[in-house]
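For reference, the structure I am asking about is given below.
By written order: A, B, C and D. Residues from 1 in each chain.
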Amino acid sequence: MRVKLCALLAIAMTLGMATPSATAQGPVILKVAIVQQIDSMNPFLAVFQSSTEINRLMYDYLTAYAADDQRVTEGLANRWEPSPDKLTWTFTVPEGKKWSDGQLVTAHDVAFTYNLMLNDEVARTANGSFVTNFASVAAPDDRTVVIRTKAPQVTMLALDIPIVPRHVWEKVPSIKDYANDRMPVVGSGPFVLTDHVAGQFIKLKANKNYWRGPAKYDELHFVYFQNSDAAVQALTKGEIDLVNRMAPAQFDSLGDKPGVTRNKAQGRRFVELLINPGAQTRTGEPIGDGHAALKDVRVRRALAQAIDLDALVQRVSLGYAEKGAGLVPPVFGKWHWQPGEQELRKFDPAAANAALDAAGHPRKADGTRFGLRLVGRAGRAYDEQASEYLKRQLGDIGIPLDVRLVSDNQLNEATTVATYDLAFSGWATNVDPDFVLGLHTCAQRPGADGKGGTSDAYFCDATYDQLYARQLSEFDEGKRVEIVKQMQARFYDQVPAVVLAYENALEAYRSDRFARFTTQPAQGGVIMAQNGMWGYYGAEPAGRAAPPSSRGPALAIGGLVLLALVVVGVVVARRRKATAGERE
Amino acid sequence: MRLGVRLWGRLGGAALSLVMVAVLGFFLFRVVPGDPVVSMTRGRPTTAAMQAELRTQFGLDRPLHEQFWNYLTSLLRGDLGTSFTFRRPVSEVILERLGPTLLLVGTSTVIAVGLGLWLGVRAAWRRDSAFDRAATGVSLTLWAVPTFWLGMLLMMATGDLFPSRGMRDTDTAPDFVSQALDVGHHLVLPSLTLVAVVCAEYMLVMRSSLLEEMHAPYLTTARAKGLRDDLVRRRHAVPNAVLPAITLVFLRFGLVVAGAITTETVFSWPGLGLLFYDALTGPDYFLLQGLLVVTAGAVVVMNLLAELLYGVLDPRVKVV
Amino acid sequence: MSGFLTRGTGRGGKTGFLAHRAGVAGAAVLAVAALVAVIAPLLIPADALDVTRVTAAPWQSPGADHWLGTDHTGRSVALLVAQGAGTSLFVGLTAAVLAVGIGTLVGIVSGHFGGLLAGALLRVTDFFLVLPALVLAIALSTVLPRGLGTIVLAIGLTSWPSTARMVRAQTLTIEARPFVERARALGGGHGHVIGRHVLPSVVPLVLVNATLAVASAIVAESTLAFLGLGDPTRISWGAMLHQAQLHGAVPQRAWWFLLPPGVAIVVVVLAFTLVGRALEAVVTPKR
Amino acid sequence: MLELRNLTVHYGHKRVVHDVNLTLAPGQTLGLAGESGSGKSTVAMSVLRLLPRTARVDGEILLDGDDVQAMSWGRLRAVRWAAASIVFQGAMHSLNPVRRVGDQIAEPMRLHGTTGSVRELLEQVELPAEKARAYPHELSGGQRQRVMIAMALACGPRLVIADEPTTALDVVVQAQVLSVLTRLVAEQDLGLLMISHDLSVLAETCADLAVMYRGELVERGGTREVIANPRHPHTAALAAAFPVIGDPAHRWVEPVAAPEPLLQVRGLAVDYGRARAVDGVDLTIGRGEIVALVGQSGSGKTTLARTIMGLRKPSSGRVIFDGVPVPLGGKALKAFRRQVQLVLQDPASALNPRHTVLDAVAEGLRVHGIPGDEESLVSAAVERAELRPADLYLESLPHELSGGQQQRVVIAGALVLQPRLLVADEPVASLDASVRGEIVALLLRLRRELGLASLIITHDLGLAWQIADRVAVMHQGKIVEQGSVEQVLLNPTHDYTRALLRAVPQV
């Protein structure tokens, strides 16, 4: 009997706790789902996309990208001037911008940040690539920053480096061990970090000192979710206000939900299929065990021709993607390249078959030519599904695929040491295409020991490399765009990888609580994962009518169940007591 | 004298197990190919120098035997290495997640033990009664249910009644009562899931344990003394039968922590289980290794405690 | 064997397997499941389960065309469940055989032979016994290449200790029996004692253990698959649930995608458990 | 006080007690004798309605005039222990292992509101008061049984039912417990219903004796009278099973001339860890001679037997068989084991339950790879062990045989190898009284026909008297006295032998 009472008590306590928490007239909060972990709040160390995005809210960069068309616009600096030899850049930090603790932002903060990275190897962990070409950084006065570079650098207005307050960071003894969690964290961005519980949530408050003016609501919470599935559910329940990175099916499921508005945006990401072109180290030693046939560009072209990109877009991405072409997604309109009529490889299995026959790979008696391995990431929906289609499409031209879906690490290992024939890959691109183009230069291949490579597809092409070098020092944007397009055309022609699709960024928000978000770019742009903080900063709350609490019924039902249990328990106990003497 | 020897034997055995756990933890995750640094930096502008720097930070540039030695010596200091994902000491990350797991597992264990033992006693005492058949049938079924699936079903079935994720809302008032109520509200579904599965096992164990004792002659003695049926059960049968069940509870507590992996994953409960799941994507080997060492270590310790406890509870066994 | 099924002695009337109705029901369920597992791959047209060839709309709720609706790619859930039976049963059975095989060997060796070897084996058994099997299985499946073999290995390598413990205990019990002493006194050696006395009395228990081990192995397989550690190129019940979670079955309220594979797991696992319990009741006669 | 009228008990369709009528007056002591399965314990349990639910009880059980069967549970519980209490057999299991014995004694007193103290009760049974704090496992068998007696007396019942109270105990301890019990019964003028398979125990304690056989009460009368003039053949068999030492009628062995030695044990010592179980034993067994090795449990006699068989390694000393030292291993040891065979106490466990009689008997043949027609060899051995015709038994499994038949199978398994020495460890201890005599006769006949020598290990001096040529008395690992049966048992020289003999209950 005692045991039973204890059990009842335990249930009662559990249910009793399920009472609503009072949030009568609190602050206006934007709650955003994040799925990826935060590796660090220290902007010098944080390498995850999620961390970068939050750092962007905390710290302004020297320059920013406009919300509507992503052109370079005012960040901490409002003016910039290269010297005629393009080796010296002078930035001006205007007066009046303040840190969140009220101190003024000066050129010295900028110089401190950059010099820290130049002097401390650890500080270069996250963003070191931006300063490798820097010779020196100086702040002759409070307003002026002078950066000297070793060689002309075309990306000087795309330095995605959070500028930190010198008066806080000069006291930091070791960057490596600094978690940057002294709340509130002093910053210059539109929001101030106030609380962070790893694996649970991140809380930020609107920065009242923000130089563009404070955001239109009070707090911004990032709530950690295990997977986008849970996040979507929470959105429909009204537990959170904004979700991104939805799967197509999830996006579809929200179509008729009242109070929810969906945003189908052009994404910065593309997915590609790597075709091992005969991987080599920087010194030209063969590496890995890619299939020999793939060294032949005709074979690679034939493979690309046998892949039905439209089918992938329709069936795998359920239409929420655009057919792949060049390395730069269409969201960056001017850099994006589409093949012309005669360059275009249409889906044509017959032609692919013929090309393979011509390349000396006739079908054998069993109808196959040669088998290939396809490596993908297990648990990534796109890889799991697209591999089925590729298996069939390449099977149709006599190339059976051995699909191996592996862990992230194993996939990276396979692509790094080139133990693949075909592999899925994908990149998120920046406003400036330099990074994604640079992945395919010969210099990115690993050294003799097989280490130190960052090559994506083991592409090494003299023509491409020349073009790359030219665009790096081409300060006329129109001409640079031309070169970038030529590079993409070359890449497309040599097919070390087939860009399969530019996936849409699928987002949704509670329009009953937030009326409007600023997208980037203005047309078909994203709210989250921007090259900026506009989406969060520009959110406008709807009328203050809070949605009805969903906890009322829970409480009532819980109470009823509890009551019923107690009654039943008491009755049973009574009856048992009464008859206890007469049983054995 | 002999008893002391036995205690030392137990402690020694546990210590040996811990060492084996540590060694296993190291080699299991070091024999795999793959460079975690590449995974970490993927998708960002990264130079080879930056990768090398990261490798140095994580000590991955040393030869294996040196890594092993460093691992062992730092393990003795309670240092489990640095997580790739969190860029913080693994021990710190684990400690942070211990609380929620203990809350979830603790609540569930208390309820499950109470309910399971009570059901088991009742079922066994009236063997083959309708109650016994029902309770045993339900328990066997629940025992067959994959935890995660039960969680997903509960989530779908309860609709909007309970929050779908996490341990608390971010906008709850900061006072203790509201916070506690909020956590309690979040706790309902995950703990219900765990209780259902764990309780079934306790029930079955308690039942069979009591059935073993049902024909013990001392129960006849007790009846012959004129004791009421429920007194015979409470004073004589249960104290004997509950011993193996209690031991099991202790043993299970460690395993339940491991079993919470799927529950925490389904409900995004920010505990060790979820951490484990997170560590799988990547995978974050240092974190996995730390978690393996910690959970297995906890189980070893619980095991030892269970044995010692048994010695205290059961006068027949003398350990201490 | 017929005696085993209907053994009619003992106080309580029949004690043979057929007397345990739940066990018989379990066996019947298993027979059906095995039949499905064998027949499904033969009967189901390849196109029906090829995501690239299916024509039905995704996320269809159950109806005349698809009794159990369709999944996120438009494949019939009913056919998937039928197809998945093979993988789940195969993994369950092989992993159980592996685990029970290792366990029996270790148990008999450590029970029969004394000395250092037995001590070491016992130590290792105890060590693996305390290790949380799921954690270890997950760890193993992350470091080994994905595939059925890995799953079988991960489950088999982590679930043998209980069998070893049980077999060892039984071996010790048997060896303490006077008839073993008599056999020794007759001049029988290790081979004789193990072969004629220990093994025959261990086998029924091992059989019971194996049956129950299949049950837990199937649950373990589904758990690993759910966590995304399964063989993604194969259809299993656990993998279906993984897909259901990955593609948002819960928010879509697609109960028809969530319920059938789970129910299949529960039914088969329960059937194995019931059969195991019935066998246990048969081979361990009431005192 | 207690009256059973037409008591009949069924388990299912099986009738275990049939139409038993019995009365017991206050202060009367009644012994209820019978073999296992005769229904005597069922009768005892039915008095307090303690039979399992599956039992169907017909007839009347009147306790102080009230029918126990008709009582409400509440009334029944009030009667239990207060009016009648039970001393159960096997106190190890009848006491709750996890509660202190003091609490267990006090429990019925609290329940029935009886005054009195645990201390006094313990004193009555000659236990120190501090034993109240002990757990059952911390007590010796005799002490536990005394606790049971103290517990039975806790509520001052007028009737005590003692169900095999001394069965698992050693002779010496048994004598002590019985004396406590009889003293208390006499002092407090209690009614005693004592149940035992051992007539001698009942003869010691009870004025009246009733004998049950297959569920029926076959005989009832004064103890002396029943034993002296049994009317029912079963009673006669029971009486015969307990030989009276010194009675020539119970001495079945024919004297033989002093034989040549077959097996010699010289200075044998065996250690278990630090404890010395066998301490410098010298023993000789002649060809065709039967030697009884007697002693209390724990005296080292079983260890000695094992060591002789080569199943344990001696710490020092030698065993010489037929003039050749017994090797410690290898082929020679195997060959030795062909010559010497072991017969164990409990035939039920000495046979693998999965092996048929044929397998069990042929095991030795197979181990030694003896050529010849296995089946005919086995048949011969089985028939020699008096299981005739052998064909009837060869395919049987052990559980299909009675205890006596099982022991014959074990003996046949030994005979099949044509040994020269039989080492028999308590060969009849677990057998029912009526079978016991047959096995003893069989052993003697084998000696007569095959010249088989035997070493009989037993705690039962009566058996030694019955069968042995010579007796060796073992105490604390040493042989304290040995010589011819008459010499040792009738004129013991060692104190320990005398104590053993004194403890033997006299019919």
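One rule holds for everything that comes next: contacts are C-beta pairs under 8 Å (C-beta built on N, C-alpha and C of every residue); 3 or more make two chains touch, one makes a residue touch a chain.
For clarity, every value in this text was computed on a predicted model and none was experimentally measured.
*Asks:* By C-alpha centroid distance to the whole-protein centroid, which chain wins?
*Replies:* Checking distances from each chain centre to the full centroid gives B.
*Asks:* Could you work out which chain's C-alpha centre is the most distant one from the centre of subunit A?
*Replies:* Farthest chain from subunit A, going by C-alpha centroids: D.
*Asks:* Between A-B and B-C, which chain pair is linked by the larger number of C-beta contacts?
*Replies:* A-B
*Asks:* Where the centres are mean C-alpha positions, what is the separation of subunit A from subunit B, in Å?
*Replies:* Once rounded, the distance between the two centres reads 34 Å.
*Asks:* Suppose each chain is reduced to the average of its Cα coordinates; what separation in Å results between subunit B and subunit C?
*Replies:* Roughly 23 Å, centre to centre.
*Asks:* Based only on mean CA positions, could you tell me how far subunit C sits from subunit D in angstrom?
*Replies:* Measuring from centre to centre gives 47 Å for this pair.
*Asks:* Please tell me the distance, in whole Å, between the geometric centres of subunit B and subunit D computed from their C-alpha atoms.
*Replies:* 51
*Asks:* On subunit D, where are the residues touching two or more other chains?
*Replies:* Touching at least two other chains: none.
*Asks:* Which residues does subunit C have that touch at least 2 chains other than itself?
*Replies:* Within subunit C, the residues that touch at least two other chains are 142, 228-229, 245, 250.
*Asks:* Give me the residues of subunit B that touch two or more other chains.
*Replies:* 32, 155, 223, 228, 265-266, 277, 280, 283
*Asks:* Under the definition above, what is the set of subunit C residues touching subunit D in their complex?
*Replies:* Residues 11, 13, 177-179, 181-188, 192, 196-197, 200-201 of subunit C touch subunit D in their complex.
*Asks:* If you look only at subunit A, which of its residues touch subunit C in the complex?
*Replies:* Contacts found on subunit A: 227-229, 232-233, 236, 247, 249-250, 253, 311, 315, 378-379, 381, 384-385, 387-389, 391-393, 403-407, 410.
*Asks:* Sort out for me which residues of subunit B touch subunit D in the complex.
*Replies:* Where subunit B meets subunit D, its residues are 216-218, 220-228, 235-236, 239-240, 243, 313-316.
*Asks:* Show me the residue ranges of subunit B that touch subunit C in the complex, using the header's touch definition.
*Replies:* That would be residues 13, 16-17, 20-21, 28-29, 31-32, 140-141, 143-149, 152-153, 155-156, 215, 251, 254-255, 257-259, 261-262, 265-266, 276-277, 280, 283, 288, 291-292, 295-296, 299-300, 303 of subunit B.
*Asks:* Quick check: in the complex, which residue numbers of subunit D touch subunit B?
*Replies:* 45, 48, 50, 76-82, 85-86, 88, 90, 93-99, 107-108, 111-112, 135, 137-138, 151
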